[in-house]
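Submitted below is the structure of interest, expressed as structure tokens.
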Amino acid sequence: MSRLLITIAGHEFEVELIASPDSDGFIGVRVNGELLRIALPLERTLDTIEWAIVESHPYVLRIDHDLRWIESAYGRHRLQIRDLDVAVVRPASGDGRVKAPIPGLIARVLVEVGQRVAAGQPILILEAMKMQNELVAPRDGQVTTVNIRPGQSVLLNELLVEIG
Amino acid sequence: MSRLLITIAGHEFEVELIASPDSDGFIGVRVNGELLRIALPLERTLDTIEWAIVESHPYVLRIDHDLRWIESAYGRHRLQIRDLDVAVVRPASGDGRVKAPIPGLIARVLVEVGQRVAAGQPILILEAMKMQNELVAPRDGQVTTVNIRPGQSVLLNELLVEIG
Amino acid sequence: MFKKLLIANRGEIAVRIARTCRDLGISTVAVYEVGDMGALHVRLADEAFMLTSAQGYRDPRELLAVAQRSGADVIHPGYGLVSEDVGFEQACEAAGITPIGPGSGPLAQVRDRVEAITRVGAAGLPTTQPSSRSFAPEDGAALLAEADQLGYPLVVKSCAGGRGRGTAIARTADDLLAVVRRSSAQAQAAYRDGQIYLEAAILPSRYIEVPILGDVFGNVIHMGDRDGSIQRNTRKVVTEAPAPGLSSSDREAIWQSALTIARLFALRGACTIEFVVDSTGRHFFTEVKPRIQVEHLVTEMISRIDVVREQIRIAAGLPLERSQDQVYLEGHAIFCRVNAEDPWHGYLPSPGRIGSFQLPGGPNVRVDTYAYAGAEVPVRYDSLLAKLVVWGATREETIQRTQRALQEIRIGGIQTNLSLIRLIIAHAEFVSGSYTTEFSRVRLLDALPLPPAERLRDLAAIAALAFLQHTQTVHPAIPQAYTSGWHRESRRLPD
Amino acid sequence: MFKKLLIANRGEIAVRIARTCRDLGISTVAVYEVGDMGALHVRLADEAFMLTSAQGYRDPRELLAVAQRSGADVIHPGYGLVSEDVGFEQACEAAGITPIGPGSGPLAQVRDRVEAITRVGAAGLPTTQPSSRSFAPEDGAALLAEADQLGYPLVVKSCAGGRGRGTAIARTADDLLAVVRRSSAQAQAAYRDGQIYLEAAILPSRYIEVPILGDVFGNVIHMGDRDGSIQRNTRKVVTEAPAPGLSSSDREAIWQSALTIARLFALRGACTIEFVVDSTGRHFFTEVKPRIQVEHLVTEMISRIDVVREQIRIAAGLPLERSQDQVYLEGHAIFCRVNAEDPWHGYLPSPGRIGSFQLPGGPNVRVDTYAYAGAEVPVRYDSLLAKLVVWGATREETIQRTQRALQEIRIGGIQTNLSLIRLIIAHAEFVSGSYTTEFSRVRLLDALPLPPAERLRDLAAIAALAFLQHTQTVHPAIPQAYTSGWHRESRRLPD
């Protein structure tokens, strides 16, 4: 059976799956040694999971499609998940490639190839939905590629800038 | 190009497809000789088509998944469609088989094998959603099979009675 | 005030109760049968317990056990299910958990409908004329004898009653036993009780309801009146408030009768006193609904009173917040009961997965529902899907806005009675306000008005194109803008 | 009254206008850019014409041509787009088609914000202190000189303005030019006009708006006040009415100033007079919004006035239906602006296909939106997705109900600012009503409260199970009841 280490809002929980669903649809898990019964709808994608019931507590949920956060009536909490059986940490997201998070128009480019940038530093302005949106450097480094110029429109996920 | 004979609310229209979609998404058709431009969303199933625009008239729609009716702000109208190119009339629905239109419990069976029935005559009572629902004979004939007995629960589309 | 309320119901009314509890800061406990596991009423509660006994929502013992286990100090039964179960109300009282209702004593008295009419008549108030007792469908000879005494036409009514099921008219002796058998079977299906009684029918008539609130100190107020004459398939589908066509003296008289009857039975909480009104405006008491009703929404709109909130406050032993002169009835409201059923096929219930789900908005439109796009309409339960209510300053404005709202609602994936409701609201008898209970005989679906010729032509063309698209002959190209949202990008270059 | 109204807008406000027209029996003409082809505002109109010029919704000439072609006798521009375009209003007037607005004369006067402040000041009313003229972002030296005269902190505002974009605070001379550059760029993106002006900031302060109605006979009434101090990403996201924390004398004074200013400019239709109120309760005029605003919803709830209806009636030359004493302001309302954006990632707009879409219901909750499950949020337009407004008898009741309604809304498939709004409504400064425009500096997303330990544990367990389900390690078996709706059928045998 699977064992996972869940870090949620900075707190760690070891979760072990211990039983397949009973006739009522509840699944048994052990969380830090404690037995819990959980019901969850069967959904194709994570972000369509709308609810869960843990013992007698219902939850209305939004779960990020990449499981980086979970949102409930208690707010939105960061998640990190580690599979203890395969002993592989899921890779931290974000390399040095800056892609277009939405389709839009490049309003300004604030960096040049060869320039050193710090994580969080604005590198370009993308105009979309009548707004100017700053895109920032995902990490410290040196700009190795700039694929776009001002006035150019870009598609979703188009590679804009690379930081080496 | 395709030619269809549409009978709607008892009125006949000959519809001919004359042009593929233009860059704005409108398609040209000829209806009883008159040229019309129509926009329609691309949907996998008929009953998810929600709207159409004919020239400058928007329509909010519900279309039966089997194209037996179309509903708009003007009400619900019966449809019959004949493909003039293949010269085949779509078969009238309904043979002598009575299937369960919803899952439920057989409350009463009103006919026996061998009995003559008239179209529209109640043949059994199906209890579902806290209601007793009369199912009627789809045509005149003789009952050839009765597959169920009172108190039995039935699944969707289960064959209940046959009229020969 | 209470700390924790158990909602002993499901669907729309359970959702409705959970909402008011949250507004009041009372935590809620939901119950669910396994088929309702992910239902909205479960999600909106603070706690939720699965019912495991065979009777589920109808099992007084398990409901009480869940209340005790969860530490609830009050139970709201909603309507239907255990809401009129005297034994349940008594068991709650015995266990020290407050049941929201009229009190087990008054409940027992008004539940026996024949007895209730007799008592109201004895107090000098006008009533309908019921049979001397209730009957089983097998009591053929006795029924016919009693019917002869009362005279035809007759209304056959379910003793367990409520929610309109099992009520039907027998116009001649030839009809009677068949009507009784059908009514009894419907009542058996809906309430697990096939007993019926008879009432001399008044035709044509209007069915007028007066909702009241009563507190434990004996204060009683009414919240105006409603007309519930418009029925289809034995259920009220459209209700409006105030009732059109009542003179102000007749209206005042019916209100006073309702208050007297409420006091007579010492009713507590939210109840409805129901009357039949004949063509001269005279009213006749027929029954008490000792609980919140589906139609209470229309009363909430003209009074701005949250009836569930008042029920909870009264059950907590608080006095009414308003005297009768502080009940401000303003404007007009129309209520439509949207069912998952197919009026074009004998009102066959239509369970299934809801596809598209678009609700009306804008000022003075409200929809209460447990449903949403992607929700399942289960096959096990009542077909009530959504409650639409529209308010306006005048009846005319309200009708216009109701028509607008009905055009806006779009529910796909299942069949609903929306197209039927649209025909009712547009019907000349409804628009004029002159309808009676005989409106149920108007065959709305048979004689549909034709659209203008050009529109019929357009619909034919649409159907043709839909057919071709479906049979793969043609694919309307979706303009690029549809998918990328980024069309003709050259336009967007800086000016 | 008008016969046919052209809606020169899209999205939520176009839907809103179509609804009121249907309520009034006025037929509507929609326009659409190709990317909006199947949009709700198109479907709800009686006629619809595609805009083919490059400027689309912003093209006065094509809008007017469509109006003429369709025979419309009135045009409603909504907000944004051409709603403050003096040339458009003049062209409509010249063509004999009534534009809904303050009149082209008053519009020209209030559009020049610096000039408007000067004129109001000259009339003896208190105003904020603006720069002597407007500037382009390149006017560095002149800007710095003017700023020194006015003194810091300063508000940098877009001349084209409206809808909050392009407004920002410069606290020191070091900030100024960067703030100006950013404001100007935002204004350029939103309104195609990068001119800005400066205003001496009053900090802390509240931003108070007084919505008014004026007819062609010179009658003017106000509809109370609103507080629009709570902004995020330079936009008002929460607005309430009445404004909390105004003394009744200060409130009366601000209403009177608003009426005087409305008369000064001879404003017609629905406009809003906006003020900055300092910590002592003194108010200073800052600008006029000469059109319906997103926040008008909150005014509709406390006054039960349909503002769009009044706009149409006034444009038709009818006198106001109400005198000032007939405007009944009742209870409290809170408005939330739900945007398709990600507050956790710099308010990045979030276009895409809406997945789940569940709206709150029950008494006194209203949502106006163009969206529904399956709808596309286009990338080309503003991120406003839905307007939520909640009414209650008291501010406390309204806050509680707003929190409830916010818990109920579920929008999937795209990112929204709902979680941010929830944090605002639950924040101590909001609950106490003591907030000012400085609330925008509170870093709501940084210090989230932790749930109780057991709930955090449950969420961890849910996340684990969701992960396992997703990675195919485990499939929760769906009980049979889920799919068939017909579970444990043996229960259903006749009792």
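Chains: A, B, C and D, in written order; residue numbering restarts at 1 for each.
Everything that follows uses one rule, which is that contacts are C-beta pairs under 8 Å (C-beta built on N, C-alpha and C of every residue); 3 or more make two chains touch, one makes a residue touch a chain.
This one's a predicted model, so the numbers in the text were calculated from it and none came from an experiment.
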From chain C, the most remote chain by mean C-alpha position: A
Between B-C and A-C, the pair with more C-beta contacts: B-C
Chain A and chain C: spacing of chain centres that average the CA atoms, whole Å: 45
Inter-centroid spacing, chain D versus chain A (mean Cα positions, whole Å): 30
Between chain C and chain D, centroid-to-centroid distance (C-alpha), Å: 36
Shared interface positions of chain C, touching two or more other chains: 34, 37, 44, 351, 356, 379-380, 407, 479, 482, 484-486
Sequence positions of chain A contacting 2 or more other chains: 24-25, 39, 41, 50, 57, 59-60, 103-104, 127
Residues on chain C engaged by chain D in the complex (per definition of touch): 15-16, 19-20, 22-25, 33-35, 37, 40, 44, 54-56, 192, 300, 306, 351, 356-369, 372-374, 376, 378-380, 397, 400-401, 403-404, 407-408, 479, 481-482, 484-488, 491, 495
Residue ranges of chain A touching chain C (in the complex, touch as defined): 24-25, 39, 41, 50-51, 53, 56-60, 103-105, 127, 151, 153, 155
Contacting residues of chain D [partner chain A, same complex]: 165, 182, 185-186, 189-190, 340-341, 344-351, 355-356, 379-383, 407, 410, 412-413, 419, 422-423, 448-451, 455-470, 473-479, 482
Touching residues (chain side chain B, partner chain C) in the complex: 2, 4, 6, 8-9, 11, 13, 15, 17, 20-21, 23-25, 27, 29, 31-32, 34, 36, 38-43, 45-50, 52, 54-55, 57, 59-63, 67, 70-77, 79, 81, 101-104, 107-108, 125, 127-134, 136
List of chain C residues in touch with chain A within their complex: 30, 34, 37-38, 42-50, 52, 70, 484-486, 489, 492-494
